[in-house]
Structures are given as C-alpha cells and as structure tokens.
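What follows is a pair of complexes built around subunit A, which joins subunit B in one and subunit C in the other.
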Partner chain A sequence: MLSYILRRLLFLPVVLFGITILIFMLISTLGPWTRVATFVPSPDAERHVDLEAMIKKYHLDDPPVKMYLRWVNNLLHGNLGWSQSSHMTVTEAIRRRFPATLELTLFSVIPVIIGGIILGVISAVHHNKPIDHTTRIMAIALWSLPDFVLGLAVLMVGFGVLGWFPPGRLSSWAQLEVLKESFRSFTGMYTLDALLNLRLDIFWDALRHIIAPVITLSCLWWAFMLRITRSSMLDVLNQDYVRTARAKGLAEAVVIKKHALSNALIPVTTVAGNMLLGLMGGVVIVETVFNYSGLGLLTSTAATRLDVPCVVGVAIFYATILVLVNLVVDVLYSIIDPRVRLE
Partner chain B sequence: MKSKVWLWIVIAVVVIGAGVLVLNKKPAEVAKTTEVAGFNPDIFVYAGSGDAETLEPSRAYDTASSEIIYQCYDNLVAYKPGSLSEFIPMLATEVPSVENGLISKDGRTYTIPIRKGVKFHNGAELTPEDVEYSFERNMLADPVGGPVWMLIEPLLGASTIEDYACELAGVDDFSKVNAANLLKTAQAVMKAVEVKGDNVVFHLAQPYPPFLSILARNSSWTVILNKQWMIEQGDWDGKAETWTQWHNLDTEKQTLFEQAMGTGPYKLVEWDRSNSKHTLEAFADYWQGPAAIKTVIINNSVTEFNTRKLMLQKGEADAIYVPVENSPQIEGMSGVNLLRGLPRLSNVCAIFNQNINATDNEFVGSGKLDGNGIPADFFSDLNIRKAFSYAFDYEAFIKEVVLGEASVPYGVIPAGLNGFFDEKGFRYSYDPEKAEEYFKKAFNGEVWEKGFKVSLIWNIPNTTRKTACEILAAGIEAINPKFKVEVQGMEWATMLPRRREGRLPMVFIGWLADYADPHNFVYPYLHSKGDLITFTGENGRALAAKEFDPLVNAGINELNPEKRVEIYTKLQKKSLELAPHLMLYDSCDRVAMKDYVKGYVFDPICPAQYDFYALSKTKE
Partner chain C sequence: MEIFRRLVKNRISLFGLILLVLFVLIAIAAPWLAPPKEGSDPYRIPRRGWTLEPTPPSAKYPLGLTQGQYDIYYGIVWGTRTAFRVGIIVISFRALIGIILGSISAYYGGILDEVLMRFTDIFMSFPYLIGVVVFVAIFGPGLNNVMIPLIALGWMPYARMIRGNILAIKQEEYVLAARAIGANDFKIITRHILPNTIFPVLIQASMQIGSIVISVSGLSFLGLGAPEGYADWGQMLSFARNWMLGEQGNVLKYWFTVIYPGLAMVLFVLSWNLIGDAFRDIMDPRIQA
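Then we have the complex of A and B:
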C-alpha cells in the first residue's frame, strides 16, 4: 500500500503541471487591456491610473509562453504572486483564508456524514414504511432548496428571531481578545485556537458563530448523503448473500451492520470524498450570507475582479487538495472493502 | 434494533446538550457582547461592503481607504461645520487668509503656524519639520494613480512629479532624466514647502483658490506624518539625492500600506486584510481630548445586505452601509435612524463620444446613417446631443430608481456646491417635443428620415445605470419608430478595453469630488485635458479647448470669490447648452445607525461615512 501511495504522490506534480497549462491557455485568451482592469476596482475609479504604465510594469502584454515560464519560475521560488483583490500575496491569502474554510468543513462533515448515513440506513431498512417516506420527502425538499434561501432562512431564525447564531466568525469583544498578544494563534481555526489557549469563552463564541453556516451546509448535503446511502443500502439488502445471512438465522442488527453496511458504504465513500472537496474549496453563497470569509469568497472576488494570480494560485492549491483527498478515498476503499487491493 | 435506539439517544443528547450550553452560556456572555441587552458604549461596529485598497496617504484614492486614514491622522485645517468654503484650524493654530497676512496678496505664499504640544500615537511631539516632510515625501513618492497631483498642480504647476522632472530635463520619458535634473526636481519640491521658525510656508507656482480645501481635513493626501518614525520604518530619509528609491513604489511596498502613525483621534490596531476588518483604538493623548468611543471595528466584509440589516437590527452593528435601493427596508425599523437624501459632492453623467471608433464596432451597427447604425461622428452634431438630453426622463428616474435621493443637475457642478454658482439657471427636463425638434434638425433631417441604431453599455452589476440606460432608450424610441436603442450590460474587465479604444458610443460614469471646489468638477468634465472630456473624443476635446478652457482657467486664477461665482455660473449654463455630456443626476447619500448613536453631523465632502471622534453611544 505504501508504494501505491508514493506512486500516487509522485503523480501529483504531473497533475499540477497539466492544470497550470490548462489555466494559462484559458487566460491567454484575455488581452492585456482586459487583465489590467484588475488594477482599477470600478469604472469610475480609472481617473489618473496610468494603465499603459501598469501593463508595462506587470508585463501584461508578454506572450503567454513567456508569462507562463515567469510564473513557473516564481512558483519554484515559493512565490504565487500578488493578489490585487485581497491586498496580499496569494500564498498569504490562502494561508489566512483556508483555516476558516477548513474549520467550517470539519464542523459540517461530521453531522453530514454521520447523520446522512444513519438516516439513509434507517430509511433503507424500513423500506416503504412511514419513516422512509418522511426522510425521503425531507431529503428532496432540502436538496431542492437553493442555498441562499436556506441560508437566509437560517440566519433570519437563528439570529433575527432567536438571536443565538450571529453572522461573522467572532463577536466584537472576542475579536479584540484574539488580537491581544496573550492569545496565540496556532491553527487559524478559532474554536481550536481558543481551546488551545484555554479560553472557553472565546470557544463558545466561535462555536455560536459557526453553528448557523454548519446547519445550512448540513441540511443541504444531508439530503444528498441520505439518498446515496439509502439506494446503495437497498441494493445490498436485496442481494443473495444478505438473504443467506438472514437464513442462517443471524440477528437483523448483525446482518445490517456486519454484512450489508460495509458494502453499501463504498459508493458513499466516493461521494463523501467529493463532498469534502466541495466544502474545502469554499462555499460562496453560504460564506456570503453568514459573512464568513473563507476560500469561497476569496475565489469569487478574485474571479470577478480578474485577479489572475489569485485565481491560478487557488486553482493550484485546490488541485493539490483534490489529488490528496482522492488518494485518501482510495485508501479508505481498501479498508472498508477487503476485496479492494491497492497495488 | 437496539443500536438504532442508542443512536437516536446519542443524537438527542448531543442536540439538547448543545442547545442547553448555548442558551446557558448566553446570559454570561451578554455583558461582553454588543447585543441589545449587553449594550456596550465603548465599542462601535460599522458593517460595510468593499474594503480599503491601501492605508498609504500618497496612494489611497478610494473612500474605503480614506475612511480609515481620516480617523488616524489630522490635517492642518478642517472645514467649518456646515460650510464648504470656511475653515477652522486643526494642526495649524490659525487659518491663513489675506486679511491676517498669512496668505500673500498675490495668493502664492501660504504661511501656516503649527500647533505645539500635539502628540503622535508613539508619543513623539509634532514639529513643523513633520509637516514639511509629509508634503515633500508624498510629492516625491507620487505613485501612479494616486491623489498627489492635487499637491503637485498648485505647488509645482505640473500634473505629476515625473512630468515636472521631464519638463526640467527637456526629455519625454522619465527614465531618461539625468541625475542632475532628478536632484533639481527634489530641490524644487523642498523649496516649495519650507519650515520658518514655528511656521510652515508653502510657495505656490500659481494662485490657486482651492488650496485650503486641498489642505483641509477629508483630504487623506495632506495628512501629517511622523518624520522620525517614517525614517525608522525605512521610508525616505529627507535627502534630495535619494528620493527616486521611494518614488512610485508598488502599493504593497509602501511604508504605510497597512500601518498608520498619525496624530489623529484613533490608533490603528490592525487591518485584518483576510477578513476586510479594521480595528481602531482611541488615542488617550489626542490633543483635543480622547474619543468617547474607545474601540471602533470597521467590518467591510459584509457584502450581503440582509446580513447587514439583521446585524443592525440586533445591535451587532451600530451602523451599516445601505445601498439606495435598500433604504425602504430600513425605513421605519425601530431603534434605527435612517438619514436619507444627504447631498454628496458627486454626480453621474453619460458622455457623448463624438469620434466613435467605428471599425468592427458592434455598438454602432452599420457605422453609417442608414437606419441600421450611426456614423462615427454622430454625437458631434449638437442637435443630437440636445435631443438626447431632452429624451431622458429625469424626474421618473429620480423618483422610481433612486427613490428621490438625487436631483436634476444644473450643469457639471453638483448641487452640493451651490455656494459656488447661481442656483437658478436652466435645467434640462424630459420634453419629447423638444427632443423631436432637435432630432429633425440633426444631420439636415437625415436622422429623422432614416432613423438610427445604437447600443448603450452599462457596467455589471450597476443596475442603477442599467435603468438609466433603459429610461433613455425608451425616451428616444418613443419619439420615432425608426430610432432603435439597445441596452447591453458588460463586465468591467470586458468594458475597459472597449472604452479605451473609444468604441462605446456613450460612456456612463460618475465623479466624486476630491475637494470641495467647483474646479474639481469643471476641470475633469470640461477642460480639454480633463479626465472625463477624454471620452468625448477628438471633436469633443477641440470643442472644449475652444469653448471651455478659457473659462476654466479664469475660474482657477480668480481670487475674488464673487467673480468666481460668476464664472462658474457661466460654465454651468454653457455645459448644458453645448452638452458635451448628458448630465443624469446629482447623487445623494444615506446613513443608517442605531438611535443611541449621538453626535452625527453630515459632512458632504467627508470621505468617511462617520467621524467616530464626534460620536458617542448613549441610551436615555
């Protein structure tokens, strides 16, 4: 298995190379005058900006090949360039934004996977019974809801009516605490940092802020997990070996847990891996509604402002994560299903 | 089956447990949060959208940046509250005037006595040398795209420091200027601003009536820096020989990009760029006494209006940014004060491109006057420009689109500067009959007979401009069925190259004052070298050179205020008569804050939405 993992990791640079080529091919269709727009935030701010000088200074009129080589050269020196839309280097922007996204992902993934799998199994086991119908209707309803509608509804109720779950990542008092030198930042994830600093008050505050986006994301993805688990479970439950197991007189719980579930979980693992990727890439709408600045907001702002270095940088980062998560998913297969051997 | 029950129990325990903890925790937290129950008079939270670009005074040229600089620094003088032409001293001890002898009779020398005992945030005391350094440093730094031209124009008579150096050396490119002339350039700058005893003296290249407006508070480019501290941070050392090392640096390489060291009422604690958040703390030794509000958090990351609205409602924010179309949602909210229709010094227009680049241009149809397009010089005909001006339904736009928060323009100078022109002049109104009359005259009747087709382009996501385009299009199409006007949205990055190449038949654009003087409007709008007149093309610039330049120059060289009013009234009238632009509306602003926020005074020129020093939070 180790050699398999190593081989996959060695493949990573090749994937990244392909991605950079693809992105640069797309970008090379934009002229220098389009690209220079990123230096002028709005049409009314052109004023005295000497765009010719900007084009010259940032070599925006170079041929794509030259631009690509310069970019690769910088990348090898650990420099992804300057992000005009977030006012910092791309590396810095990703480093600062990613913990927020990761925190949100970790908090969402647990309820989604556990909740989705449990409900899916229950639904399949009670096929066509009232509990199955209820969860299915719920799943379809939640899955069909646009994220901004659900997000706003959660915000209105959780914050507007109940006043429990405010938007943002921290309350103003907690922000001031975090800024103090006595508070050490270890991971950039406020809940974890607060615990490591033994500051329970800040931990609760951070938790209070993260609950609403987590509820929104969970509801949206729950439905998805549930439906996959349910159909895959139904499929397995109808197979001969399950009937054999039952015929042997095994307890129903053992049949489901030992025999059916682990087989049913294989497609679920694939989906969960993809979901994790989707969440880690940032969720633009949910981040916007809850004013939660993660990678999603960074990327969407960069894209609308044509902040090329940032878009490319995030793409590279995301591609790396994609390869790694896929690798983890493959390894998980072999653990769940002994028939799968990684060679 | 047992396991299922267990799972349910675990889920229930987790959910209930979390709920109980959250609820239980709440009363303990309330004292610390800014929620209604835990009202905290020391912390002020502002929720906005769109972050600052830089905190560097020589580069910052957007309102979000100026907003922060405004709180952290002081200027030499400030506008007298409620006035745009009178001043009060700030870091100066006296406002210079011809009467008190601090402005020379020829209007070219300003002597400014500097206040003593003023402290910077690091405890250092303000000296006249700091003032001298601040101006010289910014002029020599003069980063491309920055606001420092406003100092270079009156003090050196050039538009950029590079232009000045090139002129001195007699070359056309800054890289060709030799060392001797570079030195001379710095010496000229250092001669223009001098320390004499406790005073700082400015020597102007020409009389410049708005000079005090440029020095006044609200101009982030004339704030006073701490010389010693700047040098310690590795900025310009104050020597004439070295300045080019700090000239036109990249934004992020400038010393003050993300830090601040001024004498202002607030210290910058942090600009958290990844969360678009600024934290300011009251400066205890502020020379006018410490601010009532101890901590200000400016959170510019809340892009979603509904989120901001809820934050205001629940007291999570004390003030928020409200776009014009959202003000009805705030109107009448309990515990919130909404002030609407505050006249900002800004206006919006549609510029007629008199020499459209018609080669392969999809916006002008056939490029000929055959009913399926327009010729390149379509807008060079005054009749067309006038007809368009009469075809826009100003009142409907103001009432329906900006919900009454705008006014019909008297010309290129906005209504907010009404002290500088006679406010009873002519204004355009929606008049289809007059529009028809002018369309019939245009191109000797050919336009009326054959019709035309043109596209109006607005920049996504500015829907206000989209509606303006649509109202104009509807007004024109209603006059003659042969007139076809298409409205098309475009992303800024796509629009920019087309605009630069002169392909857009009309350019929709707004202008916000840099300082409170009509010169700041007539120059860009009407002078042949102005920024906005450029979009009118060659014919437009020729027209401007002939008709407007003499008056614009007369206005800036005139020291007598009454005579200036005459000149600007004339310019206002002429700008509508010759209609180089279709002036759409003079814009207004609005603020929304909790009713316990006291001390708010609207300032039309203030780049900052709020002067936090003037505010306090008190509940009756």
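Then we have the complex of A and C:
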C-alpha cells in the first residue's frame, strides 16, 4: 500500500515536468516580443524599454535550458506573467476567478452523481425492460447534445421565455451588496458566502444565476455516469456471488444494495478523474455562453485576444490541480479495491 | 457482416445508420443541393445582403439568413462536408499515432515500454480542451490549428488499447510460430499481430467522430476555430449568440439562427452515438447473457 502511494507520488513531478516542457516548447516558437510578456510581472517596464534591452534584461537570448529553468522558477514563485486581456497579473486573475469555477463544478457534480448512479442502477436492474430502454435513449440523446447548443437552448427558454435564469453571476443590486464592507467574503463562492453572511436574498439570487450553467454542464456527464454505472452493474449482477446471495434466499433489495452495488461502484470511482477533467474543460464553453465570470470565461476571452501568458498560466494551474486530483483518486481507488495494489 | 446484420436488426442503431447515410448523401451531393458561385471557394457561405439583423425563412431562402445575411441552408449543406472532413482527419491521425506507439510499446516491452507509457500518462493528464486553447492562443485561430492539438492530445487511449490487445495475443501460438520460422519484427507486427488487434480499435475510434465534431464546433463557436463565414455548424451557431434573446415582446423572433444549425449538429452526433452504443453492446461479451 505504502509503496504504491509512494510510487504515485514520485510520478507527480515527472508529469508536471513533462507538461511544463511541452508548454515551454510551444512558447519557444513565439517571437521575443510576445515571449517577453511571460516573464514580466507588469507592463510598465515594457512601455519604456526597447526590445533589445528587454531581451537582455530578461536574458531571453540565453540557451533554452537556462530559460526553461528560470521560467519554472518563476512559476514556482507564483509569477505567471501579465495578462493583457484582464489588465492584471495572471496569478491575481486566477485567484479572483477560481472560486466561481469551483462553485460551478461542485454544483454540477451533485446531479451527475445522484442522477447518473441511481438511474444507472435502476436501468441495470431492469435490464432490457422499457425503463432501461427509455433511460438509455435519454442518455444517448443527452450525450449527443453539444454543450453550447444545449446552453443556447437553456438560455433561450430559461431566460428569454421564462425569465427564470438570468446570465452572469449576480444581479447588479446583489453585486453591489457583495462589494460592501459589511459583506464578508469567506470563499469567493457567492452561494456559500451569502449563507455564511445570513443573506438569503443574495443566496437566492446567486442560485438563480448558477442553475442554468449547472444544468448545461452536468447533462453530458450525467449521461456518461449513467452508462458506466449501468454496464458495471450489469457485469456484477451476473457474478456468482450475487447468484449465491439470491440462492440463499436474500431479498432482492438486499442483494442489490449490499452485494452488488458496492462492487459495481468501484469502476465508477475511476472515472471521477475523467469527469473532473471533462467538467473543467466544459466550463470554457458553458461559462462563455452564460457570461459567468470564472476561469473558463477568462480562458476563452484571453485566447480570442491571443493573450498567451494568461492562457498558459491557466493551463498550468489546471494541470496541477488535475494531477493532484488524479493522485487522490488513485489512492482512494487502491484503498477501495485491493486488487489494484498488486499490479 | 455479422455485426452489420445485428446493427440493422436493432431498431435504435438502424435509425442511427439511416441518419448517417443521409448525412453522407448530403455531403456527396452538396454541389448540387447548394451550388456555389462560379469560381468562389465553396466553403465560404454566400451573403445575400449586408444588413446585420437575421432574416426569417422565406420561399427563396428556406432556412432563413443568419447574422450578416449568411445563407443558413447553404451553410448546413456544406457544413456537413466540414464535419466529416474534420472528424475523419482527426480520428485517422489519432488512430495512426496510437497504433504505431502502442504496437512498439507492447512488442518490445522493457524500458521502451515504460518510457512510452509514462509519455502517454503525461499527455493524458492534460485537460485537452485547455491544451487546444493554449495552442490556438500561440499559433492563432483556424480550423487546422484546432485539429493539430486535438490529434496531439487524443491518441493516448488508442495506444493503450492497442498495447493491451497486443500483449494479450503476443504469446499466441501463431505469433510464436511466425517467429520460429524466422519472420522479422516488422513482418510479424504488420502481418500477424496488427490484423488481429486493429479492428476493434478502429471501430472504437470511428465512433468518436461525433464527439470530435462537437469539440471542433465548440471551439469554432468560441471564435477559435473556423473563420467567420466558413461553412461550419459551430461557427454558424456563434452568430446566433447575439440574437437568441430576440426582442422585447417577441423572444423567439430569431429562433431559426439557433434551431437549424443546432439540429444539424445534434442529429449528426446522435447518428454516431446510436451506432456506437449498439456496437458497445455487440462487442462486449459480458452483456451477452
């Protein structure tokens, strides 16, 4: 067990090294002017100094290895450069936008897990019955809906026709309230902060804004989870120990809950990492559709304005989180399923 | 053939197959369905005017004109070709890279295998949509600049699958026999191992075409993929963004800018997914019972 975790931990820096090398190689193809921006902490220096001096100052004519090391050193100190599209340092931009995205992702995980797993189990238990066919067709249909098409449709109906789910993160009155001194910011996630400040009106407003992007973001993964749970559950239900449990006269509900489900959920946990990866990618489009100012909107705006330092900063931030999450998932997985450790 | 018979027999996948054949026919017949102007690039959607506001469907333009008077009908017909082209190019290169690296890794094993698989892990731990965005931010928007990173960040599952399949059959007697009679490595890989492992991987790969078309269109929608006026469904939907809330008292006034290109995309992806889902059940021996 310990050696397994240790092996996984040792692999962590290797992955991060690989990712930074990949990105560094891409950046190296840029001209010195653009590249300078990834090293400068603020644009003031850029305005007054000429190109030659800048290149000298930041040692941009050094051999690649030296440049790479300096860049990584900057990254480790949290200096990700200056973002032109948001007029602040990349680190600051990420720090401000991340809570919004985290909030959106956390809210999206709930319907995915509850809806996907429960329906998956029901579908498998009633294999090839009408309810199985219905949920399956529904899942395929949802899976085929591109997130931006779904997003546009949800916005059109939810805001345009019904007026329930406005775009953005907060209404303007609530935005003003949040910026006041009396409103303490604990996490940056408006729903949670509003509750902690005992402001139900703001909580309600934040909730109304977040529902539409959550629906859009979770639909696809909801369908994905349903498929995985269904096939894993079908597999388990055919196993001998389930037959034994039935043969000794246990009630069907007990067989499913106690014997089948806990084993069927093992493969489901492995895709949790995949799901997070997908959700994090998905926010780029969903946040843009709903004008929800999180990391996704930051990324897409930066990309359309060719703001390289910002996009690169977000990518590295994402990759780091992802590697950590995958590590946690793997360790959890090895705790749940002892067979994994034996590899 | 057995597989095909079962696909036709299943009503759900038959529906998928019919849809897919329909799209293939549209793609082939595009020059007749929506004849491009003499001498102009057929993938540029013609503009029927210069006002910004979309025009509702009429007898002359059956699906209406979207923002900037781009012809929606024309865009959907030629967009079908774009969808197939993008999907097929990305999938073929992904499968090719996956097959090469996966078979080398499995066949030689040892250190080479270890290095290649760690390489695969590194690529896998990158959120690929973000990777594409990084690439576009550096090299500028465009359909090709979206497809390249999609290939570079998408071959890993195939490499792993091929590797697993090869490891499973490497010790089979016919491979050992080929080695015993002195066949060289290249010949053993290409003549004996690949034909027995490649088929399931190629099928799995082709089923991904739907989701690739979603990714590429999504990027076009963000303005990172196809340029304005290019016959691409995602690009056409990005026009709709400014008009989807209609006007005071008539919210659904510009419904056609969303519904038609959206419907084309959904049906295209649906056709692949319906077939793919039936395939999964056919190929999965565990669900036979």
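Just so it is clear, the second predicted complex is superposed on the first by the 274 of 343 C-alpha atoms of A that agree within 3 Å, B and C clash if a C-alpha of one lies under 4 Å from a C-alpha of the other, contacts with A are read in each partner's own complex, and residues count from 1 in each chain.
Here, a contact is a pair of C-beta atoms (placed from the backbone, for glycine too) under 8 Å apart; a residue touches a chain by one contact, two chains touch by 3 or more.
For clarity, every value in this text was computed on a predicted model and none was experimentally measured.
In the superposed pair of complexes, A:143 makes contact with subunit C only, with no contact to subunit B.
Once the two complexes are overlaid on the shared chain, A:156 sits against subunit B and subunit C alike.
When both complexes are overlaid on chain A, the residue A:306 reaches subunit B and subunit C alike.
In the superposition on chain A, A:173 makes contact with subunit B only, not with subunit C.
Of the two partner chains placed by superposition, only subunit B is touched by A:253; subunit C is not. Of the two partner chains, subunit C is the only one touched by A:322; subunit B is not. Using the contact criterion defined above for the overlaid structures, shared-chain residue A:93 touches subunit B, although it does not reach subunit C. Shared-chain residue A:26: touches subunit C; no touch with subunit B.
Common to the subunit B and subunit C contact sets on subunit A are residues 30, 152, 155-156, 159-160, 288-289, 304, 306.
Those residues of subunit B that touch subunit A in the shared complex are 1-4, 7, 11, 18, 21-23, 25-26, 28-29, 32-35, 40, 43, 45, 51-54, 61-62, 144-146, 149, 250, 252, 258, 269-270, 273-277, 279, 295, 297, 299, 301-304, 306-307, 310-311, 313-314, 316, 459, 462, 491-497, 499-500, 508-512, 531. Contact residues of subunit C toward subunit A in the complex are 12, 118-119, 121-122, 125-131, 133-141, 210, 214, 217-218, 221-224, 234, 237, 240-241, 244-246, 251-252, 255, 258, 262, 265-266, 269-270, 273-274, 277, 280, 284, 286-287, 289. Of all residues in subunit A, only 30-31, 33-51, 53-54, 82, 86-88, 92-93, 96-97, 115, 118, 122, 152, 155-156, 159-160, 163-164, 166-169, 171-176, 179, 201, 204-205, 207-208, 211, 252-253, 257, 288-291, 293, 297, 304-306 touch subunit B in the complex they form. Contact residues on subunit A toward subunit C in their complex (touch as defined above): 11, 14-15, 18-19, 22-23, 26-27, 29-30, 136-137, 140-141, 143-149, 152-153, 155-156, 159-161, 231, 234-235, 238, 277, 280-282, 284-285, 288-289, 299-300, 302-304, 306-308, 311-312, 314-315, 318-319, 322-323, 326.
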